[in-house]
Structures are given as structure tokens and as C-alpha cells.
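So, here's a batch of structures to check.
Note that subunit A is present in both complexes that follow, paired respectively with subunit B and with subunit C.
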Partner chain A sequence: MHIPDGFLSPSTYITASFIALPLLIRAFKKTKELIDDESFALLSSLSAFSFVVMMFNIPIPGGTSGHAIGAAILAILFGPWVAAFCISLTLFIQALIFGDGGLSVFAVNSLSMGFTASFVAFYVHKFLKNKMRDNIVFFLSGWSGIVAASVVVAVILGIQPLLGVDALGHPIYFPFGLSVTIPTVVGSHILFFGLAEGIATMLVMRFVEKITNQDKEVSNES
Partner chain B sequence: MSRNKKYLLFFLLIAIALTPLGLIAHGGAWGEWSTDEIKSMLDFVPESIKNAKPLVYILIPDYEIFSLSSVASTLVSALLGVILVFLVMAGIKKLAKRAN
Partner chain C sequence: MRTKIYFFLYIGALIALSMQKSYEPLIFIFMALFLMLGKSAFVLARRALLLVAFFSFFITLSYSLMLYMQSQPFWNYFLTLNLRSLDMMYLTLLFTARVNIYEALAFSKELSFLLVLSVSKIMTMQRVFADYSDALRSRRVKKPSRDQIYEYLGSAIAGFLDRSIQESKENFEAMKSRGFHV
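This part shows the complex of A and B:
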């Protein structure tokens, strides 16, 4: 879902930049409010985990691959704004140092994998919490967050053929329309990468609950 | 270091150590193709994609470090990414403290 440079029309990424900028400023402020000596270790570790988990490419039938994001974990623990900031920070480092995702289209990648995944995961968790078993809620939060992000990516990629053709009638930007991008991008996230994000959310949330409970027990004893 | 932090460090180190498993996937992500891949699919490369240039010099393109094996490149890239995330977060914590 890391869209590269050149794949989107300037109208697309300039619009996205105007939308993302105020959101990123707000997300940064929320993160600055939340971060302190106590929250620093967990917040930074889970942000770093999102960087690492995105390198973990999972092959799927058809010869392509994809990965989890780790957005739901941050969203459930720290809220959607902080999660969106942390994922966007990861995406920025990936674009700047590793050329993974274009810097010019950073705002689009931030809006999809950062904001959409975090907010959808957060509200799905909020809505389902205490209505089902924790593990199922964690899984569904992760799954729905990444699937929602894939819908945004599929729509943005899929409208590109409408935004410019050259003299030969060839598309200038991303060449496939919605009838291809929706089934391919959203389909693969529903079937595969959503499961990866769901399972990662479940396992890491269990791990975090365990270590924070242990910490409480230790401080209660002393 | 508290036990909590030790577990987190251990968790991150395991995650970093596992990143070379991501190399098993030979195919890239759908829609994140190189110009060569697009050329073989369409017989032409869309103009904007053909002319795309990164805005800045990319230090480690595709997590591949010159002269290192792909496993070593991946491990070093993952470690570098983790360190950069921690540095930025530490910077924000510092800013937050100064503001108070």
C-alpha cells in the first residue's frame, strides 16, 4: 500500500497534502501531550514494531506480497490520533531513507495507512469491546482497520486513469481503474493481509496486557 | 531497566531478527511496481511513472545496502528504522518536557 512517486496525479497528492497537514499537526500535538517518561518505552516500541512489521512481506497466491501495519495496536492503547502520528512517522522514515513509498505522495500514504487504519481500528474496538471475547475484538479491529486503508488506496489508485491520458490515449499516472484496483487491493487485504494485521493485533495486545499487569503486580507487592 | 522495558526490548529484537523471513516473498506488493515490471505488463510505461524521481537522495533504496547480502541488509535496515523511530520519539518527549 506504499504508493511510489509518479503513480498519482499532482491534483491527487496536493489535495491529500492539504487534508493531511492539519491532521498531522493535531496528531503531533496529541502525541506530545501523551508522551512522558512512563509512556515513552511502550509508545516508541510499538511505533518501531510498526516499522519492522511492514518489512515482513507475506507472499500470497498470484505472485505478489503485502504486510501488516501495526496501527490497531497503537490505536487501541493510545487513541487514534497518536496512532496515526506514529504510523505516519514510520511511513516518513520509510519514504525518506528507504524509498519505500514516495515522499511526494507521503500525505496519501499517511491518510490511508496512518489515519484511516488507526481511526477505523479504534472505533471498531470501542464499539465491540465487552460485546465479544477480547481476542476476537482485537482481531476484528486490526482486520477492519487495514481493510479500510486498502479501500482508500484502491480508490485513489483506481481514479488515476481518469485524471490524465497522453496523446496516444495511454494513462499518464497509475494505469488500472477501479474495476481492477478494488478487487485486487481490497480483496487481498480482506483475505490475507487483514488476517496478518488481525493476528498481529491479537498477539501483541495479549503480550502488552501481560507485561503491564506484571508491572502492576510488582508495584503492588513493593 | 524495569522488567517491563526488558520484555519490550526482547520483543523488538525478536521482531527485527525475524525480518529476513520477509525476503521469502519474491513478488513485490501489487501496485508498487518498478518501471520494468510495468513495461512487461502493459508494453508502455505511463509518462509520470517513467519520469518519476525521488525528491531526495534515497540512502538505502529497497532496504538493500550496497555490498551487503540481502539478509544482512534487511537486518541492518530494520535496526536502523527502529533506532530512528526511537530518536524522533525521544526528541518529541524532550519537546514535551520543555513545554511543561
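This part shows the complex of A and C:
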């Protein structure tokens, strides 16, 4: 879902930067309040964790594979602000140090994959928790977070032809409108990448619950 | 202070590049960046090309094909978008190759520290990830089933999460014992 440099008009990424910056400052402050003294060590570790999650290729039924971003895992375990900040920090490092994505589109990537995915996943989990089986809730949290992020990306990409054209009337940034971006970007995330995030969230949260239950049993026995 | 000026110049240049609407100046900018990079120009050009190729070529080729089938001129669009994307990536690689990023981004002690710590952990995690992948490859005789892969992924990702939390606790204790407070 990373958008590279050069495909978004300056009016888009400058506006996105003005929206993302105060949110990132708030996320940073919230995280420090929530985790207190250990926040720096934990934030850097969770950002590295998010980076590694993006490296795992997850097989999806149907023969293809995709990678997760770990937003739902972090949001369920540490809250949406912590998750949004960690994912954004990872995206920033990817853009500037590893050349994946781009600095001009960092704010858009942060708003979609960082904030939208984390908050949607967190609230879907909060709403559905205790209403259906845990595995389904974890899967739906991950899936809905990534699908919501893809809607933001699709809309931002889809409005680019309206924001810049050359002398011949051809688009000069991302060329396809909403009629193409909504079905392709959102559709592929509903069918493929959302499944990868959902499966990753379900597998990891199931494992975390198993370990937590084992720890509880050990402490009860002793 | 000098590195911060370079950072703002880099941001200004990125914005200026993103405003380019025709490919002619972008060719000259690419050549100028190429000359500025000296010996590492070819290596970084190849890296920049690989980084922008997938998304950029896929999108621009499909749109150019559409224009071609409608008998409309497509070269301007194809060259402008790809060169702009390539120049912006090349500029970023030039900036990271020549300027100390951590110094350039040291606007606050906290953020600068967080960035250094995160990058160092990412590097470590990348090595551990490679070890995990090698270990899985060396221990299997036949192709694992999907359930086995899921089991491996669940435990591996959760293992990374556990490792991340443990390491952060150790880092915090180490920082505290050395009197380091942010």
C-alpha cells in the first residue's frame, strides 16, 4: 500500500502533513503518558516489531500471499495511539533510510496505515469483543483496519486526476480516478491483503492468549 | 546547524521536483544529481530504479497503453511521471548518502534518540528474521502444509513481539543504570 514519491500533488501531501503532524505529536504524548518511563525503549522495540511483521509473507487461501503491517496487533495490545505512532515511525524510517515509500508521501501513508488502520482495528475489536468467538474478532479487527486504510489510500489516489493536468488535459500525478482506484485498491485489500492482516492478527493474538493462560496456570499452581 | 539547513534544502527540492509538469527539466535534474553523486552514482541509480520500478512502471505503463489505444500522445505523461519519481528517489538517496540523517533530524533530543534506537533495533531484527528464515528452510524436507506455515508464522511473529518487549525492558534497565534519562 506504500505510495512512492511523485504520484501525489503537492496540495495533497502538504495538506496531509498539516493533518498528520499534530496527530503524531498527540500520539507521541499519549504514548509517553500511557507507558511512562519505559516508553522510549518500548516504542523503538514495537516499531522494529512492526518493521519485521511487514517482512513476513503470509499465504492466503487461493494461492497468493501478502504481508501484514501489525497495526491491529499493536492497537489491541497497547492501544490505538501507541500503534499509530509505532507504525508511523516505521514508515518514516522505511521512507528515509530504506527508500521504501517516500518522504513526500509519508504523511498520507501515516494517516492511512498508521492512524486509520490502528483506530479502526482497535474499535472493531472493542465493539465485537465478547460478542463472538475470539478468533473471529481478531481476524475481523485486522481485516477491517487494513481495508479502512485502503479506502483512504484509494480516495487520495483517486482524486489526483482532479488536482493536476498538463496542457493536453492529461493527469500529471496518479492517473486513474475513483472509479478505478476504489475497486482495485479496496477490492484487493478486501480479498487479499486484508486477509493477510486478519490471519496475522488472529495467529499472533491466539499465541499471546495461549502464553498468557499458561502463565496464569503456573502462577495459580505455585 | 549545517545538516539541518541541508535537510530543509532537501525538503524544498522535493517539493520543487513534485511540481514539475514536463520531462525536459527532469532529465537535466537527473543528470545533475548523477554528477553530484560521483563514484556511487551508478550503484544509487540502480537502487533508485529498483525502488520506483514496480509501482511507477506498472501504473504509468497501463495508463500510457490506454492513451496509445485512444491514439493520444503518451510519451510526455510516461516520461514525466517516471522521471519525477526517479529524481525524487535519487535525491533522497543522495541526501541519505551525504548527510548524517540523525543529526539533520535532531530537532528534539527525544525524537533523535528514538530514531537511533529504532533503527538499531530494526537492523538487529532484520538479522534475526534472516536467521529464522534460514532455520525454517534448513529444517524442512518437504513443502510444509498451510497449517504448518500458519503455526510457524503465529509463533514466529509472537516470538518477535515477546523479544521486542523483553529487549525494551532490558534497554530501559540499562539506560536507567547508566543514569540516562530522556
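In this section, the second predicted complex is superposed on the first by the 185 of 222 C-alpha atoms of A that agree within 3 Å, B and C clash if a C-alpha of one lies under 4 Å from a C-alpha of the other, contacts with A are read in each partner's own complex, and residues count from 1 in each chain.
The criterion applied here is as follows: a contact is a pair of C-beta atoms (placed from the backbone, for glycine too) under 8 Å apart; a residue touches a chain by one contact, two chains touch by 3 or more.
Being a predicted model, the structure only gives us computed values, none of them experimental.
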Subunit B versus subunit C as contact partner of A:T184, first or second or both or neither: first
Contacts of A:S44 with subunit B and subunit C, given as first, second, both or neither: both
Which of subunit B and subunit C A:L96 touches, first, second, both or neither: both
Which of subunit B and subunit C A:H67 touches, first, second, both or neither: first
Subunit B versus subunit C as contact partner of A:H170, first or second or both or neither: both
Which superposed partner A:E33 touches (first subunit B, second subunit C, both, neither): first
Contacts of A:L203 with subunit B and subunit C, given as first, second, both or neither: second
Which superposed partner A:Q214 touches (first subunit B, second subunit C, both, neither): first
Residues of subunit A at both interfaces, subunit B in one complex, subunit C in the other: 2-7, 9, 28, 37, 40-45, 47-49, 51-53, 55-56, 58-59, 89-90, 93, 96-97, 99-100, 102-104, 164, 166, 168, 170-176, 207, 211
Contact set on subunit A toward subunit C in their complex: 2-10, 13-14, 28, 37-38, 40-49, 51-53, 55-56, 58-59, 61, 70, 73, 77, 89-90, 93, 95-97, 99-100, 102-104, 164, 166, 168, 170-176, 199-200, 203-204, 206-208, 211
List of subunit A residues in touch with subunit B within their complex: 1-7, 9, 28, 31-33, 35-37, 40-45, 47-49, 51-53, 55-59, 62-67, 89-90, 93-94, 96-100, 102-104, 153, 157, 164, 166, 168, 170-176, 181, 184-185, 188, 207, 211-212, 214-215, 218
Residues of subunit B that touch subunit A when the two form their complex: 2-5, 7-9, 11-12, 15-16, 18-19, 21-32, 38, 42, 44, 46-56, 58-63, 74, 77-78, 80-82, 84-86, 88-90, 92-93, 95-96, 99
List of subunit C residues in touch with subunit A within their complex: 11, 14-15, 17-19, 21-22, 47-48, 51-52, 55-56, 59-60, 63, 67, 72-73, 76-77, 80-81, 84-89, 92-93, 96, 101, 110-111, 113-115, 117-119, 121-122, 124-126, 128-129, 146, 149-150, 153-158, 160-162, 164-165, 167-169, 171-172, 175-176, 182
